[in-house]
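Next come two complexes, and both contain chain A; in the first it sits with chain B, in the second with chain C.
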Partner chain A sequence: MIDLTILQQSLLLIFDWNIVIACLAGVIWGMFVGVTPGLTGIMAVVIALPMTFFMTPLTAIALLLGIYVTAIYGGSVTAIMIATPGTPNAAATVMDGYPLARQGRARQALEMALYASFTSGIVSTIGALVIFPIIAAIALDFGAPEVFAVVLFSITIVASVSGDSLLKGLVAASLGFIIAMVGQDPIHGSSRFTFGVHDFQAGMHILTLLVGLFTIPEIIMRGVEAFKSNKTIVIGEMGPRLKLKQYLKYWAIYLRSTVIGSMLGALPGLGGSPAAFLGYFSAQKFSKEPEKFGKGSLEGVAGAEAGNNAVCGPALVPMMSLGIPGDTTTAVLMGALVIHGLTPGPLLYESSPEFVYSVFLLLFVALVLLLIVGSLAIRLAKWVVRVPTQILFPVVLVLATYGTFAVRGTMIDVISMLGIGFLGFFMRIQKIPAAPFAIAFILAPIFENELRKSLIISRGSLEIFISSNISIAFLVLAVLSATATVVFRSRFKKFRLGS
Partner chain B sequence: MGLDKTENTNEIDQTLDDSSADAGLEAATVRGDLMAALISLAFSAVGLIILTPAFVFVPEKFIGTVNSPAFLPKLLFALLMFLSVIYLFQSIGNYRKHGGGARSKLYDWFLALGVAAVCTAYIIAVFIIGMTIASMLGIAALTYYFGERRPLVISTLSISIPIFLWFFFEKIANVYLPKGLIFSSIISDRLMLSDFGNSSLSTIYL
Partner chain C sequence: MDYIKRISILLLATFIAVSGTTQSALADDYPNRPVTLVVASGAGGSTDTAARIMAINIQDHLGQPVIVVNKSGASGSIGIKFGLKADLDGYTLMEGMIGGHVLHPAMNASAGYTPEDYTPIAMTQMNPNVLVVSASSDYKTLDDLVSKIKSEPGALSFSHAGAGSIHFFGIHQLLKASGAGGDAAVAVPYKGGSKSMAGLLRGEVDFHQTNLVSAYDFIKTGEVRALAVTTKERLDDFPDVPTYTELGYPQVNIFGWRGVIGPKNLPKNIVDTWSKAVQETMDRKGWKKMVAAVGDIPRYMGPEEFKAHIEREFGTYRDLAMELDILVE
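Let's turn to the complex of A and B:
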């Protein structure tokens, strides 16, 4: 539990103007990077890292945490406004955020994303701070079979985002899985479907797929629409503000997504995207209006955004307590600590507990600053909705191209983006849902990695998956979730084609 | 011919929704399902029979084992094939019951192909004249295609945005943008173009 004396000392440490200004600079930089497609949170942190060499450890971590927290939200701004996820974490947000913007409710979607991110960020950080040692201990119990069971459970959400036809959703998910197989096999490093092209060795980047899948079809559709129309078409006005009542109405969604995000955040290797999709899935599962999901639902935006932002605080727990980074960004944060002479791990808490507490308190500061900077970003977003389609979407294409190229500096990503875009366009025409495709692509590498690691450990025996209570629990949940969805859908004949 | 002034927002939203609905593109057809099922079935068969054996390198001691790099791809292609067969049967059933359904408007398809062609031409141009100049031409071509006719708007956009992006990516983010075959050979003799299949595409123009 929290040691109040140390907490008090930590509070005194972080209330230094240098630290607050560094955090603000990080938040602004994180927001800028988040809204720029192609520049991910990890890139933003890496670019800022050399600047921290001349700072004190706490000032440095304040700058980096500001970036880390804000880049996740920043990615949702472009997802909502122009159907282009700024970061992979915003992939689930685009499904309902963009339709809301098209309905003239962009402000509500943006505000919901901001407030849900803030709420879940605060709650998950409090949780991480309070149950810091417990989470660390539980996370330590998660080996390959347990993580595989969690991922298997996550895959069952494909059924709920399949729209009118489960069959089409499953076809899309299979395609997503297959595309994820391109590149090096994660265990042996063998080439798979690279066709002799070196740049395919690293596989397709997640942002390449997301931009292609969501942005290119939108550019084509809006292009056709603009060509046929003789008048200026704009996305619409920003629309009404989110009312306090609307925000409070979804408290259960924030709570559920926060729990999901916190759990996934504390597990190494999962990251924000699965948390966003699971948050979205749980919001839909418990919604009174599940049919609105995918067509413009505030609940969908709330679930996804609360899920991905809840990852931040708990992701620091295994890093700070055990020296195990939860994702790539926390690995870089860990590197920053090492550069400053602090070695994350059990000894860090023993030797400088006030520093560990200060890091969590800085997350609160970063979240408050996110709220302020995010509100300003929403005000600026009103200019986007007033830009006519004729002008907006050519610029979006160029932004998407630059962004996709910038991720790894290779044109093969740009070509792949276009190819996936055309595939996404035909899928959209045939009402084959894009979400299962994206989810399968995101989860496939973790799924395969953990499955094969487990089988190597057990020498090919499947018994390893029922050797611990945690994996049994998640496997049972996966079976229940899949069965419930199929039974529910078959009752309403939704397994059949929608047409 | 300039653009008319934007009308009432609600009316525009309505127009958008309506145009999406009757665009003819977004209306899934039974005939389309039939085609999609056949493509999916063909792709899964090619993947299972040709692509996986030919393009997945399996170390000898893992051949036929669950830990083979080809195990999951094979399983996925088989799953896709199974799903495609169901998809095909359901589509045939629907076709018999309802007929092919309304055809998408040919005009809309031409327009969509036009946008796709401009996008493709833009990406090809990046290889030849570099990202910045290709983006200038790409923005100009697409804004014109989408209906914008004011030369000042087109030229301002097509010049300012690529220059801003060049400055941001090259000077701030240290991301070196493709210069294209023409300019990289003019600027320096570091042109490292080898054959497409065996080279890293990123080295062509940097």
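Let's turn to the complex of A and C:
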């Protein structure tokens, strides 16, 4: 499918030291941003954007791709070390990465995250390059009813692994749905559940929710622990390295997460966070030791990190082929190209395919540089485990508060974050799982929007959901998955609604 | 006693010194520190890009760096309200945009602000809008489309980037001008301009009106057919596409614009400093090249002309919203 002569031309285009250096600068900056809570990948790209106005187009895109790829990984470092997702993509990594660090196995968790990210990044980019026209065509085939069916299917997968009790999982998911409804109605623009507070109109930011849900309960728990104990609590060690055998053992997880991430990446509006969660849950579903998930499972880290990095390459396809960016970060990348007079779209692909290819090749360069810079960052992380809990977690609280504020610069986000934090703490005491809450919050707006949009398009007829093979296929999968959950639970685990 | 007196003198002296510096900062050497330009929409969008192009070019003419800050959400009203509350020292200004500054308050009676609440400083660029249908559709001319809309109200649908967006208002201008009425076509909302264009390409809707740059490629490749443009004159790139005015709908004249806007009662010296710097920036080759690349057309309006333009637009769109019953209370 790849035209090899064009590929050769594009290879020559990127053989330029300036381009590699720009990419390295992007990777270093992306790593810095990734590990700083509150600085999201999108902000990192935007801050660097004006610098690229005066570069050549390929140097510019090399810098930005370096940031894009690395910020997704960088978020997992803080997720593992201090239970704080540096970027929304890393939320699913907290669930197993952080328990591993508490057990003194931080090094394995960090290395697993890095190698899983790298592997899925490379595989998904090769995939994107090879079947570029197919993905481009499919991306356009996914309209409102099709995306709705995919989201519905995703929700059933999450429900099937929502902890010990189905009821508690449903409670958590409902909370996520309710919080996601706060803000402007997506169709009519009227206010919902804002209680007259204007700042609530923008809705809750995903990072506000994730920091509240994952970081604050941990701070409270560690605070209580520190008060009870008179000794200084230090983890002290990074633990052993990840062995090659351990890395190779999980090949099926990388593959599954890569497929999931690639699909979600190519679809408009989904992005990295759902990919990470779905990668995580699919790893749990097929695991031989699903009970270890949430308590420190390398498989969980692998599933989540392979999922979110698989998004990058495929997400570039609808942007480069149709000029339709899937998420905000690719929109900025597109903006950077537009400034240089290279508007991505069908015309660019026709007139200079070598340029389009070279953008994908730069992703490989960025991923290799990520591997190098990431390994160095892991060495620096050892300073974190040497800090006693009594000092570390007050610092984490400051970082979490600052990070939440920095995203949009409004105090309401900090207050909401603390509110969610106490709710999260209560949930933890009651053993209500946090993951269904987070994933419901992420998927609810897409679910609502695509459902209502489909019904507007069809003038209220439900037939639209069975009018294309794609949506029929995903709806059937959703029904099967939901049925399987109920049957499986009742037969093997004694179906319980309480626990 | 002596000691209290000494402290009060010290405090008084400090006060005089401080108030002296703020005064001079206001009057003579504005700006003497970096200026923040608030963008009320997300990073990476077209307004954001326009603001960053302005920011990086204007600093030589202002003598201070301009820092772009994004405060997005709620159709731009979060960022705009932030900008409206800024101090009158000229160190926090806004990137103006038709959507958040005019269309949102025109359609939302409870938006909490109108053009009365801000000071227009200068318009910098505009972009024409173009009406497109799928190339495989039966609508060869605007008349074909309008007569179908009128003969079968509710049969056709159009995509737009959210209630209150320029895509939404543009089509409503047409629905009103043609006498079809606000309900004659079904409005399907998408998240942003490029996704609403994708909705048309996918065949989910029948027509769509958007800024030229979003439709450019697809008109050139023949995937969509352009039926009309909102400019007075035909476009150089598409000489075959008629204008709405030629077709008998001069009322359909919406175009996107961007510029610089400050809070209400902004001192005149600041307005003048900025409008002059903007004018100088617009002469720069670099600025022109970047603006052309993003598909905008340079268009300068000074403070008075810009203010009059905004007030006229606001009146028109508020009336349109009331007449077509799309006003949100």
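Simple rule for what comes next: the second predicted complex is superposed on the first by the 488 of 499 C-alpha atoms of A that agree within 3 Å, B and C clash if a C-alpha of one lies under 4 Å from a C-alpha of the other, contacts with A are read in each partner's own complex, and residues count from 1 in each chain.
In the analysis below, a residue touches a chain if its C-beta (ideal position, glycine included) is under 8 Å from a C-beta of that chain, and two chains touch if they have at least 3 such contacts.
Being a predicted model, the structure only gives us computed values, none of them experimental.
Student: Between chain B and chain C, which makes contact with more of the residues in chain A?
Tutor: With both complexes superposed on chain A, more residues of chain A are touched by B.
Student: Please indicate which partner A:L58 is in contact with in the superposed arrangement: first for chain B, second for chain C, both, or neither.
Tutor: neither
Student: Does the superposition put A:I42 against chain B (first), chain C (second), both, or neither?
Tutor: second
Student: One more residue to check, A:H198. First (chain B), second (chain C), both or neither?
Tutor: both
Student: Based on the superposed arrangement, let me know which partner A:I187 touches: chain B (first), chain C (second), both, or neither?
Tutor: Both partners, chain B and chain C.
Student: Report for A:G409: first if it touches chain B alone, second if chain C alone, otherwise both or neither.
Tutor: In the superposition, A:G409 contacts both chain B and chain C.
Student: Thinking of the overlay built on chain A, is A:L316 touched by chain B (first), by chain C (second), by both, or by neither?
Tutor: neither
Student: Examine A:F393 and indicate which partner it touches, taking first as chain B and second as chain C; both and neither are also allowed.
Tutor: Touch status of A:F393: first partner only.
Student: Looking at the overlay, what does A:A101 touch: chain B (first), chain C (second), both, or neither?
Tutor: Touch status of A:A101: no partner.
Student: One more residue to check, A:I456. First (chain B), second (chain C), both or neither?
Tutor: Both chain B and chain C are touched by A:I456.
Student: Please write out, lowest number first, the residues of chain A touched by both chain B and chain C across the two complexes.
Tutor: Dual-contact residues (chain A): 43, 187-188, 190, 198-199, 408-410, 456.
Student: Once bound in the complex, which stretches of chain B touch chain A?
Tutor: Touch residues, chain B against chain A: 3-7, 9-10, 12-13, 15-16, 19-20, 23, 25-26, 28-30, 32-33, 36, 40, 47, 51, 55-59, 62, 65-67, 69-70, 72-73, 76-77, 79-80, 83-84, 86-87, 90-91, 94, 98, 101, 104, 108, 111-112, 114-116, 119-120, 122-123, 126-127, 131, 135, 138-139, 142-143, 145-148, 153, 157, 161-162, 165, 168-169, 173-178, 196-202, 204, 206.
Student: Could you pull out which chain A residues touch chain C in their complex?
Tutor: 42-43, 45-46, 49-50, 53, 140-141, 143-144, 183-184, 186-190, 198-199, 201-203, 268-269, 322-325, 328-329, 331-332, 334-335, 338-341, 343, 345-348, 350, 408-410, 449, 453, 456-457, 459
Student: Within the complex, which stretch of chain A touches chain B?
Tutor: These residues of chain A touch chain B: 36, 39, 43, 47, 102-104, 167-168, 170-171, 174-175, 177-178, 181, 185, 187-188, 190-199, 216, 219-234, 236-237, 388-391, 393-395, 397-399, 401-402, 405-406, 408-412, 414-415, 418, 421-422, 425-426, 428-432, 448, 451-452, 455-456, 460, 496-499.
Student: Can you tell me which positions in chain C touch chain A when the two form their complex?
Tutor: Checking each residue of chain C against chain A gives 42-46, 48-49, 52-53, 55-56, 69-75, 77-78, 81-82, 107-108, 112, 154, 157, 162-164, 186-191, 194-195, 197-199, 201-202, 204-205, 213-214, 216-218, 220-221, 223, 290, 292-295, 328.
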